[in-house]
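The structure appears below as structure tokens.
As written, the chain order gives the labels A, B, C, D and E, with residue 1 at the start of each chain.
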Amino acid sequence: MVTPETLVAASVIVYIVALTLYTVRVVKGPTIPDRILAVDALTYDLAALIAVIGLLLRSPLLVPSAIVLSLWVYALDLYVAKYLEGRELGD
Amino acid sequence: MASRYLIAASIALVVVSLSFAVAYGALGTAVPLENIRSLARAYVTLAYAPWNRTLTAMSPEAVTSIVWDFRGVDTFFETTVLFGAIIGTVTLFRGIKPSARIGEGLSIIARSAAAVTAPMILAVAAAIALHGHLTPGGGFQGGATAAVVALVILVTFSLGYLVSGLSKERALMLRSAGLLGIAAVALIPLILGGVVFQNQAKELSQFSYPAYIGGALTSGSLLFYNLFESLAVAAGLTLTIMLLLSPHEVVEEAVRGEEHERV
Amino acid sequence: MIEPVNVALGLAALSAVLSVIATYLAVSDRDLLRALIFSALQSTAYAIIFLVLMAPDIVLVYVPVAVGIYPAVVLALIKRVGRFEGGEGGE
Amino acid sequence: MVIDPYLIGRFVGAAIVLVGAFYDLTGSIGMLRFPNFFTRLHAATVGAIGGSVLPMLGVSIYAASEPALGEYRWFMAGASAIAALIILIVAPAGTHVLARAAYRSGTAPKEPCTYDAGEEGDER
Amino acid sequence: MSEFEASLSLIVLFSLFANTAIALYGVFSKPNLVKKLISMTILSDTANAFAIVIGYRAWPSPEESPVPPVLTNISGGYAAVQELVQKSVDPFPQALVLTAVVIGLAVTIFLASIILHYHRTHGTVEMVVSG
């Protein structure tokens, strides 16, 4: 018997596999932009995973964390990009 | 070279014993518990209890009611520590004005994205701060979120762009306004015959902030504390970061001028 | 059958192991910029631990602080004092 | 036979979440296998848009059609829809900024390279 | 609480233990002040995580998770509050950690500006003393 709950639980397993692969790229990545890109993608997935976990645990209050998490990784992108261009952070 | 190995071994010993004391020896393996402690049980029971008006905080969220009602004086002194640190930073950078030169910033695509997202993020921050008594969130959370908005604007446009809208004096003024608001909300019950940090009516004093405004649950003073605390945290963190990121030449010039005066 | 309790606690255990890897790399790496990226990874793992341990309040305050503001502060510092540990001072 | 519309909504939402999870797996494999930074950008886009925006919309549909979550299910549906919208705006902008910085500063190696439009003086 | 769940929560506990040891090593033995700052932040985050672990509770049943200490059923009356008490986690460590995180950030910014001034006067941030 396939219920929606089993589909959601199966997608959590798929997400965990994907997270492991992203982590390998973060640790291995030869250059700085590679690592930042992998952290970026990993965190967007974690934001989606937060929403899915909130569904699985039946706690609607967990979901606003996804908004915050996805926003501030964008800020991390901006800082590192500005550093890589060799300029002052407030320029 | 024997002394070097001795130093390494002693560092390792200190590290292991200290982390053992902090982590495993203090906690044991008895976590997680089957039930919560009786203090926590009392807090959760009393956070929203209209049938027990002399003890409740009238807020469905237990964390915010602990922060600003049950343990309000604790939070007040923690806020004092926070602003002590901010005042220390401002004092270290005394005499330095953040430069008003508007730089070129990032590319046009990043600027457009920031111009679209910044009002949205500010709305999210305001929602987090002002719904702090109903859903997870509160003054500290909303203030930290709003501070990052200022930081994103700073990086995407430039420092001068932010300073042209929010100068050092204006940030200091906002921060002081937040602190004064907290003090006023804490002291108004004292003037009207209550006690400091009072929220709902107690047995000794009948003063009470309104728990419902227009039929909506506002939890008395918690709404005002969240509003003012988010203002103070956002302005204070933005101020220190603006000072920390001010260009090298400006700081160098200010420090050198000070030494000339001393000589 | 996938029980929700195993999914939730397994996710917490996985992010705890991830945080140990990230902390080790952050402390042992001689490149301060890479150490900062690993520190951001550790912060993300801690955010997931806080979330699974049912503390959405802490997630909402920890993520802006540890992913949003703290990298900007340390990057401004690295920009001044030089990127590599043990090297000559920058600028 | 009576068909419950709530059950259909939940199945649609869960199916979208599962599809998004497979997008995410695809993106992560690409991130691991592609040879240099500028090709990995493509994998990151698949992982961010397909693997994160789509499941959030699925969660939104699922939560709106689950009465067992109580009144706060509208809170959950709205929050995840807003999160999807924000990621949709923010992820391409962040990737663009990072790619531009990496290209201009020459931090990431461009090999193997077949065509480089930036060499013709396109400074935007 | 089954054997498997207990071992999972022990993994979390021992990982935090290992993090404490690594961060303390970084604070003690790395000569670079910026590296010391990074390690110290990791140490304080780990201490906060311990406080949150103390406030957690075991699952009431395998399908039913603990909930955050927020009442979602406001119109439910006294029965809803009693049901929340049976399922919610401890709110008190969360309230302590909440302020500690923000104060930690302000202190970090203060230390960063002290390190900047140190670099301005001494030209280096390495703490190696010869001899």
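Please note the rule applied: a residue touches a chain if its C-beta (ideal position, glycine included) is under 8 Å from a C-beta of that chain, and two chains touch if they have at least 3 such contacts.
Every value quoted in this text rests on a predicted model; they were computed, and no experiment measured them.
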Query: Both subunit C and subunit E are touched by which chains?
result: A, B
- line: For subunit D and subunit E, the touch-path distance in steps comes out at 1
Query: Based on CA centres, what chain would you say lies at the far end from subunit E?
result: D
- prompt: Which one of the chains is farthest from subunit B, going by Cα centres?
  reply: D
Task: Check B-C against A-E and say which one is joined by more contacting C-beta pairs.
output: B-C
Task: Compute the distance, rounded to whole Å, between the mean C-alpha positions of subunit A and subunit D.
output: 10
Message: Taking the mean of the C-alpha atoms as each chain's centre, how many Å separate subunit A from subunit B?
response: 25
- line: Distance in whole angstrom between the CA centres of subunit A and subunit C is 12
Query: How many angstrom between the C-alpha centroids of subunit D and subunit B?
result: 32
- line: Listed in rising order, subunit B residues that touch 2 or more other chains are 63, 106, 110, 117, 124, 128, 135-138, 140, 144-145, 148, 151, 155, 237, 241, 244-245, 248
Message: Where in subunit D do residues touch two or more of the other chains?
response: 70, 72, 75, 82, 86, 90, 93, 97, 100
- line: Where subunit E touches two or more other chains simultaneously, the residues are 9, 16, 25, 53, 55-56, 65, 67-68, 70, 72, 89, 94, 98, 101-102, 105, 109, 112, 116
- request: Sort out which chains touch which and give me every pair.
  value: A-B, A-C, A-D, A-E, B-C, B-D, B-E, C-E, D-E
Message: Please output the residues of subunit A touching subunit B within their complex, sorted ascending.
response: 61, 64, 67-68, 71-72, 74-75, 78-79, 81-82, 88-91
Query: Which positions of subunit B touch subunit A when the two form their complex?
result: 103-106, 110, 117, 121, 124, 128, 135-137, 145, 148, 151-152, 154-156, 158-159, 242, 245-248
Field: subunit B partner contacts - residues on subunit E that touch it in the complex
entry: 1, 9-10, 13-14, 16-17, 20-21, 24-25, 28-29, 47, 50, 53-58, 68-72, 74, 78, 81-82, 84-85, 88-92, 94-95, 98-103, 105-107, 109-110, 112-114, 116-117, 120
- request: Could you pull out which subunit E residues touch subunit C in their complex?
  value: 4-5, 8-9, 11-12, 15-16, 18-19, 22-23, 25-26, 30-35, 37-39, 41-42, 45, 48-49, 52-53, 55-56, 59, 62-63, 65-68, 89, 94, 97-98, 101-102, 104-105, 108-109, 112, 115-116, 119, 123-126
Field: List of subunit D residues in touch with subunit A within their complex
entry: 7, 10-11, 13-15, 17-18, 20-22, 24-25, 27-29, 31-32, 37, 40-41, 43-44, 47-48, 51-52, 55-56, 59, 62-63, 68-70, 72-73, 75-76, 79-80, 82-83, 86-87, 90-91, 93-95, 97-102, 104-105, 107-109
